[in-house]
Amino acid sequence: MAFEPQTLVTMALAIVLVPLLGAITQIFVGRKLPKGGDWLAQACIVTSAILSITLFVKLVAGPWDPNFAFHSVDHGLSWTWIKLFDVDITVGILFDNLSVTMLAMVTIIASCIFFFSAGYMKGDRYYSRFFAYLCYFCFAMLGLIVVDNLLFLFVFWELVGVGSYLLIGFFFYEETPPIAAMKAFMTNRVGDVLFMLGLVLAWQLTGTLSYREMFEVIASGAFPVAETAGGLETHAVYTWLGLTNHGMLTLSGILIFCGAISKSAQVPLHVWLPDAMAGPTPVSALIHAATMVAAGVFMVGRMYPFFTPDALAFIAGIGALTALVGATMGIVMWDIKKVLAYSTMSQLGYMMLALGVGGYTAGLFHLVTHAFFKACLFLGSGSVIHAVHSQDMRDMGGLKKKMPVTYWTFLIATLALAGVPCFAGYYSKDQIVATAMAWGMTHGAAAWTPFVFAAVGAFMTTFYMFRLIFLTFHGKPADEHKYSHAHESPAVMALPLVILAAFAIFAGGSINPLPHIEHLWFNELMPTPASAAAAGLGLDLHLDHFEHNVHAAHYPALVVSLLAIIIGFFMARAFYLKKSADAEAWRQRFGPVHTVVSNKYYFDEFYNGVIIGGLHKLNRSLYWFDRNIIDRIVNTVGLTVRFVAFIAGLFDKYVIDGLVNFWRWFTQSLSSIFRLIQTGNAQSYLTWTLVGVLVLAFVLAGN
Amino acid sequence: MMLFLQDAADAATEVAADTAVVSATAVDIANSTFAGNLYAYLIVSGALFLLGLAAILTRRNSLYVLMGVELILNSANLNFVAFARFGNYGLDGQVMALFVIVLAAAEAAIALAIVLRIFNDFGSIDITRTDSLRD
Amino acid sequence: MLDFMFIFFASLALLGGLLMAFHPNIVHSAFALVAALFGVAGLYWTLGADFLGATQVLLYVGGITVLLLFAVMLSTRDAARISIARYALMAPIVGLLGAFLVTTGKALVPIVRAAGGALGPTEPTTEKIGNLFMDPTAFMLPFEILAVLLLVVLVGAITLARRGEEDAA
Amino acid sequence: MSETLASHLTALKPEIWLTGTILVMLVLDLLVGKRSARTVGVFGLIGIGGAMWALMNQSSVPVRAFGLISIDTYSIFFRALIISATGIVMLHGMVFRGIEDETRAEFGPMLVGAALGACLLVSTDNLIMLLVGMELLSLCSYVMAGWQKKERRSAEAGLKYLVYGAMASGLMLFGFSLLYGLSGSMWMPEIALAVSEAWSLGDAGQHMIVVIASTLVFVGFGFKISAFPFHFWAPDVYEGSPTPVTSMLAVASKTAGFGVLIRFVDTVYLDLTIAEDWLGRFGYVIAVLAAITMTYGNVTAVKQNNIKRLLAYSSIAHAGYLLMGVAVMTTATVDNRAAVGIGMESILFYLVSYYIATLGAFGCAMAFANRFGAETLEDYEGLGWSSPWIGACFIIFLTSLVGLPPAIGLIGKWLLFKATLSVGLDWLAVIAALNAAVALFYYFKIARALFLRGDTDYQEGLASKGVIPGLAHLSLIVLAIFTVYFGLMWDGIMEWVSEAVM
Amino acid sequence: MDQLLSFIIFSPMIGLLAIMFMPKGSKEAIRAIAAAATFVPFLLSTILWFQFDSSVPGMQFVERMPWIDALGVEYYLGIDGLSVPLVWLTGLLLFLGTFASFGIEKGVKGYMMLLLLLEVGINGVFCSLDLFLFYVFWEVMLLPMYFLIGVWGGPRREYAAIKFFLYTLAGSVLMLLGIVALYLAASGQGVATPFSIPVLSELVSSGQLTGNNLVDQGMLLGWPYLKWIFVVFFIGFAIKVPVVPFHTWLPDAHVEAPTPISVILAGILLKLGTYGILRINLGMFPQIASEPAIAYTGAILGLVAIVYGAFVAMAQTDFKRMVAYSSVSHMGYVLLGASAFTSAGLNGAAMQMFTHGTSSALLFLIVGVAYDRAHHREIEGFGGLASVAPTYTGITTIGMFAALGLPSMSGFISEALVIIGTWQVYPLLASIAVIGIVITAAFILWTMQRVFLGPLNEKYKDFKDVTPREIFTMAPLAFLCVLFGVLPMILLDKMELAIESLRQLLNA
């Protein structure tokens, strides 16, 4: 161990809290600092980056130990956050290869983006606030990575959501960004509460929320709390649902995965991601491409031993579907950022798919590599947008000459994304396709779907990326005016592009196009963890068989991938560079399909019309119900009174507010009747009195 | 008016001494059909009571109401005296009657003062017309 | 002799009462009331209440005379009007009360007779009553209070009436 | 004999003080005349204070005076209420603008006369004394009701009160005569013996005597306490009378009425030999009357616009509540007289709470009438802002009348309800509870008018400067403080009450 | 400081008296006195907070002396972990509320006096251990509140005030019934102090008090006597909470009440209902409360409040009404958590009482700021305020996020604890309850977006940002929202022992 536990924890805290400090400083005094305090924010994130890289070098690159894990809890370094009779939430730091790598990746990308932003956001009205938000986001994201506890992951999970909300809605004075921000937050909220339910269920099953303890409990097969939980409803509901421990574990896994569905923009909760592009481009690069959206994948990776095979299959299915759906939509978009957004969605689908089919390493590997090249792509697009002040690709073209740095870095990242051999993306993506194929081979029939989707997706990826490149950088400028004003971005923006492009090439850790998978750095460091769920439930995963198939699938999958890339590239070239094929004609040919896809499969319409519209209707009816029924039922003696009031028509104005008025009406009517006696005529008083005397006498005399 | 009442009290004592001649002997009473019969007195008192009520209930002039009350008081007094006499109850009944007579006189004095005010204010002493206080 | 006295005074009282209650003219009614009260005074005498009877005559007749004077002064014709409806209303009330009184009286008589036994001769009461009024253990207190009452009430009545005169002026 | 007389008189010191006060005031009236009506009033206050002082010094050992009066804790309790209320009313009468200055000096003797009558009324157990006391009270009240010179409604109130009162006392007297015939005595304990004998041994005819006599006697008491159906005079008279007189009627007169009613019921009907059959029947009627009275009072009050009239109906309603206690008393049996104590205790306590709050409420009504000539709810709008102290006091009194904490009214109601429930008259308690809900409406109509309606700007009213008006206002504040203080610390009152019950 | 509680309760009375003798016109002096008079109990309750020993179970700072011997009423005060945070919150909110009231110009004197009286009542309720005393204090709050709404309220204040009054009065009448019934049963058994909460709790939970002496076999109309009392108490408190069918007074009262009064109403008064449920319904009748059917009913009522309140809140166009309905929703968590009888659930419920006290108070202050400047509260009528009022928007963001239960804000802890605690017993209800979380987030963000974000509404281009005084009233609450979100144990630690003993009682 290179560091004392104490030091490690201090470093971890520094990594997480320094950006928070930056955020707080920025929000309160940022405006008063020279240059809007951007240097301060940059200093903060660079500090984190340096620390993270140090950790990476010392902990990961140094010992190179696949089993490395540092639990600060083991060293008595933990913080008891909540301790009640039956709730004990103690949080500590968890460093293992995954988290340290993630830390390094996030801080590096974030640093690049911080610098890029200094150029991109220059002169913005809320310049310093932007850095405050960015810092805040980094704090949350880094916190999410280092904690050893699912609840805290959830806490930071939500906080990154807030960061995202603030940043998407950064141009809050415009019409759409706030709405997009709200949409993002709300969509995430839906997933998050399901996540929370899953979390609660997991907590009930295992009695803890610490990753390691959870896995241990599950692996031991003892579900202490689940078995002892009594209560009127629990038993009935579980019995009714026929839920066994297995079922509950699967349910819990799926619910937890629901969090990832929204956070990582998986179908059907992906709708927020394209809209989130309303935020500033650096934000899209950092949050909606490299880090936050990947948090879902990270979480699934973290919780990997927890998922039962059924849950994993579900994950794979959702991932595959997302990969394909995202890619199809990427093809038809004209907005440069939207294309990238759908591409991100599709790639996240790949990662999920990989995790689902058992390609733990492949999925996470893709997470890391993708982060770099997608960040690079977004920053490149930001550079372009910065130059032409438009996001529509139909306004661009021929920018290659004007913006060489942007072009080349963009191209490198595109190649990486397409999975062209030797580039970082190739290694991870290839593994994914291979694993998917192996899964198909192992489980047969329907299990081939992920592979098919992945392959088709790979083709589409290449197609839309080159479509993007050709439309933007090649060909003739579509808008001469914009073209003439376009220029290469300043160094502060260009340099990050170059750095990220470098990572896009080298992050794979190899430039050997035919590597031995086991020897890729990532595979060496992060082997697939043993499934605790399977151990606990006593399931046989046929891992040997699967391993064998992965090996077997390696080369066939490579061939398929390459074919897809080549076909994709040439088709794109034909349509958009050479114009040898008429894109419009093909579009006509696929008319209905195109309509559906370019309308994003009508997801938004469905949500807006059916869910949100329905919700509003429901709300309004409930409010009506509240004012008109509950208020009155409780207030009035009942509807009967109201009915009578209506019929009589005499006093319905008195029934405005129930009991108060009804009672008032009642007593007042009675009062009016009683008052009739009080005529002011003393003689009649005397008469009444004597009548009273008689009645009294009769009553008293009677038996 | 005060003087008048005091005079009246003095005069009453004198008259009472004179009327002692009509006081009856035991023999007289034993021989009398009506005067020795409590029923007879009760019937008279009851009738007066009812007549008083009738006046109160039927007449609109407020003075009638007062006169009706006088009748009722007298009927009660008659009861007191008759019971005292026939039940050999002592003088309490008569004392009560005496008090009632004086009280009734005082009441009448107030009644007249008030009726006078009513007549001034309302221009009528019709009891059914003084109904400005009502619901 | 007593019977005669009784019949005479009782008739006087009853007839006076009847007239008072039902005569349309208030002046006649007032005189009828005087007669009735006088009749009652006579009945007191037949009962041996000599002092009481005398007081009745002097005080009541005096008081009622004053009352009458004002009544004549003040009464208006419409006030004397009698409404048939009121009689209709009055009849059952008075009738029922009368029935109650009859049953009550019937039950009372034997009780009183039993308590009284054979009737003794009547005696002059003036002195006894005077003694009672001066006896602290008998009726001294109410008697004195009555004095206070008369004082206060008459001051009050005068105040009320005087202001009435001022108003009228 | 003179020694005896002296000892009799010693027992009646407060009454002597009162009588002396009447005489002094009358003489002073002649001496200082119209110029200084308030001087007369001050002497009246001093006299009442003296009476109060004498009363407080009376020993709680029962004494009989003049063979007719029993001076015991019970009568001390009632007389304390009556005399102190008279003092406050006197104070208010001295400042009330409705009473003309030229007759203000004579007003005092009337008031004290009424108080004297009331004191005697609650202390005696002899029918003759009872009649004299009641008539003294009534006659003075008739005069006072018609006191206001320029107000023809006052004359009307006087007439109505007189007519009604005269007939009621006539009927009561007739009832007395029947009781006398039955028992041969004017003394309640002896009457009690005769009544119980007549009921337990007698036939239907003898029962009828008891029934008719009781009914007629109850007319007289019911008139004083304004219980249904003998309440008809109350709204009209309360509205028409000068406000201090109204509070006198509502407080002292009603208190005295209850004092004598309870004594009568306790002595005559609750005698140990009384047949339970009668008591049950009588108690049932009382309970029904209580229910009707409170319901009638509360419900009719809802539509009232004139504050005094509204308070009059509320006072009728309170009579209903108080009758609940009488109903509780009647549930006592030969073996178990506990209910008498419970019932009496609750009535007496309620009377205290009623006394404070009603005096206060009418006092506030008087203050508003004085300053702004306000009589109706419309007149009252926004006045709370112009006279915040009085307004706040008014609210406190209303709180107490409704029976909300922290005012003493709550405790009074609590005790009454508790008593009612404890003897099994559940239905009565339920009706009373419903009534409390109705009562909220009209009480808060006043509160609403005072503070929530109208503009909140300060309205210029007639200022009343000087010591006496200051004292009058102070009396309201003191009463308000009492309302809350005794609402929280009612131990003392409770002790006093249970002592009075013996 | 043996009489610390009495000092806390009655110290505002000194200010009240002082104000009483101030001339009507000297508003500034009156405000200053009021601020000082609310600061004293705040300071004292802060001392109380630190003096309170959370490692000792049971009541602390007990003051006990006979009051009304005839009935066995005592002056009996004491606090445990359940009441300490609420007492402190009362001190804080009244103090801040006084500052927030500085803007009120009409009838300052009366207003401040009523406010101080209100504080006396509230603190009294939280500290009373004698039912009679409890009831007296409970009612002491009623009238000041009625007037504060009815006099200083909005256009329909009268209606709202009367509605508030009638509802809460109905509640307190029911409560009184319960108290009387308990008293009758206890005093019938010769209990010397038949109003004492600890004594009664002991008797009831040990089965010594059954009402057998009053009704045959302790049964009344087919139910145990005590169950009736339980129900009566429950409804009485439920009206105050308010639980859904009885909640309609709340929006009206809130909408019409002046801002500081809304703050106090939402921040503390609603807690009185849940406090009563925890202290009396659960603490005194554990056997009845833990009957499955009753517990489940309570949980369902809580659930309905959560979901229904959130849905209805979303339909609101009036900013304040929306916040009011959100209170209905949030208070539902308390009931839901309290009905689960798990440690997490009960702790969550208790904590929710506090956290909702801070967050809803903050929200009402926020609404008040908008209303002060714009004189309306239509959500649609604003827009883009963030451009002109950044500080205001910042504080609002914290308040809103606290209300929607964002992790790191206090609301999250309590809601999560409630969900965790509920899930153990009622997984179905817990799963439905999360709908409330989603909807809450929806309407809060939606409001945020319509009021603060988007293009600036030109009408409000001169919208002033918050003044230092307003910041002073809001910032502490915002700070608390974050503080207890990050360090929940500060609060939970105080409550834990009290809750744990309650839990053991319920699960016995």
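All chains are identified by letter, namely A, B, C, D and E, in their written order; residue positions are counted from 1 within each chain.
Definition applied: a contact is a pair of C-beta atoms (placed from the backbone, for glycine too) under 8 Å apart; a residue touches a chain by one contact, two chains touch by 3 or more.
If you're wondering where the values come from, they're calculated on a predicted model, not measured in any experiment.
Overall, the chain located most centrally, as judged by its C-alpha mean against the mean of all protein C-alpha atoms, is E.
Chain pairs A-D and A-C differ in how many C-beta pairs are in contact, and the one with more is A-D. At the far end from subunit D, in terms of centres built from Cα atoms, lies A. Ranking every chain by how far its Cα centroid lies from the centroid of subunit C, the top place goes to A. Centres computed as Cα averages put subunit B at a distance of 71 Å from subunit E.
In whole angstrom, the spacing between the mean C-alpha positions of subunit A and subunit E is 36.
Averaging Cα coordinates per chain places subunit C and subunit D 30 Å apart.
Remark: subunit A and subunit B have CA centroids separated by 103 Å (rounded to whole angstrom). Counting only residues that touch two or more partner chains, subunit B has 49, 52-53, 56-57, 60, 62, 65-66, 68, 77, 83-84, 87-89, 95, 99, 103, 106, 110-111, 113-115, 117, 120-121, 127, 130-135. Each of the following residues of subunit E touches two or more other chains: 162, 166. Among the residues of subunit A, those touching two or more other chains are numbered 675, 678, 680, 682-683, 686-687, 690-691, 693, 697, 701. Chain pairs recorded as touching, per the definition above, are A-B, A-C, A-D, A-E, B-C, B-D, C-D, D-E.
Residues 127-128, 131-132, 135, 139, 142-143, 146, 152-153, 155-160, 162-163, 166-167, 170-171, 173-174, 176-178, 180-181, 184-186, 235-237, 239-240, 300, 303-304, 309 of subunit D are the ones touching subunit B in the complex. Contacts from subunit A toward subunit D in the complex involve residues 663-664, 667-668, 670-672, 674-675, 677-678, 680, 682, 685-686, 688-689, 691-693, 695-697, 699-701. On the subunit B side of its complex with subunit A, the touching residues are 53, 56-57, 60, 62, 65, 127-128, 130-135. Partner subunit C is touched in their complex by these residues of subunit D: 1, 4-5, 8, 12, 19, 22, 26, 65-69, 103, 106, 109-110, 113, 116-117, 120, 128-129, 132-133, 135-136, 139-140, 143-144, 146-147, 149, 158, 178, 181-182, 184, 198, 202-203, 205-206, 208-209, 212-213. Subunit C contributes residues 1-3, 5-7, 10, 13-14, 17-18, 20-22, 26, 29-30, 33, 36-37, 40, 43-60, 62-64, 66-67, 70-71, 74-76, 78-83, 86-87, 89-90, 93-94, 97-98, 101-102, 105, 108-109, 111-113, 115-126, 128-130, 132-133, 139, 142, 146, 149-151, 153-154, 156-158, 160-161, 163-164, 167-168 to its touches with subunit B in the complex.
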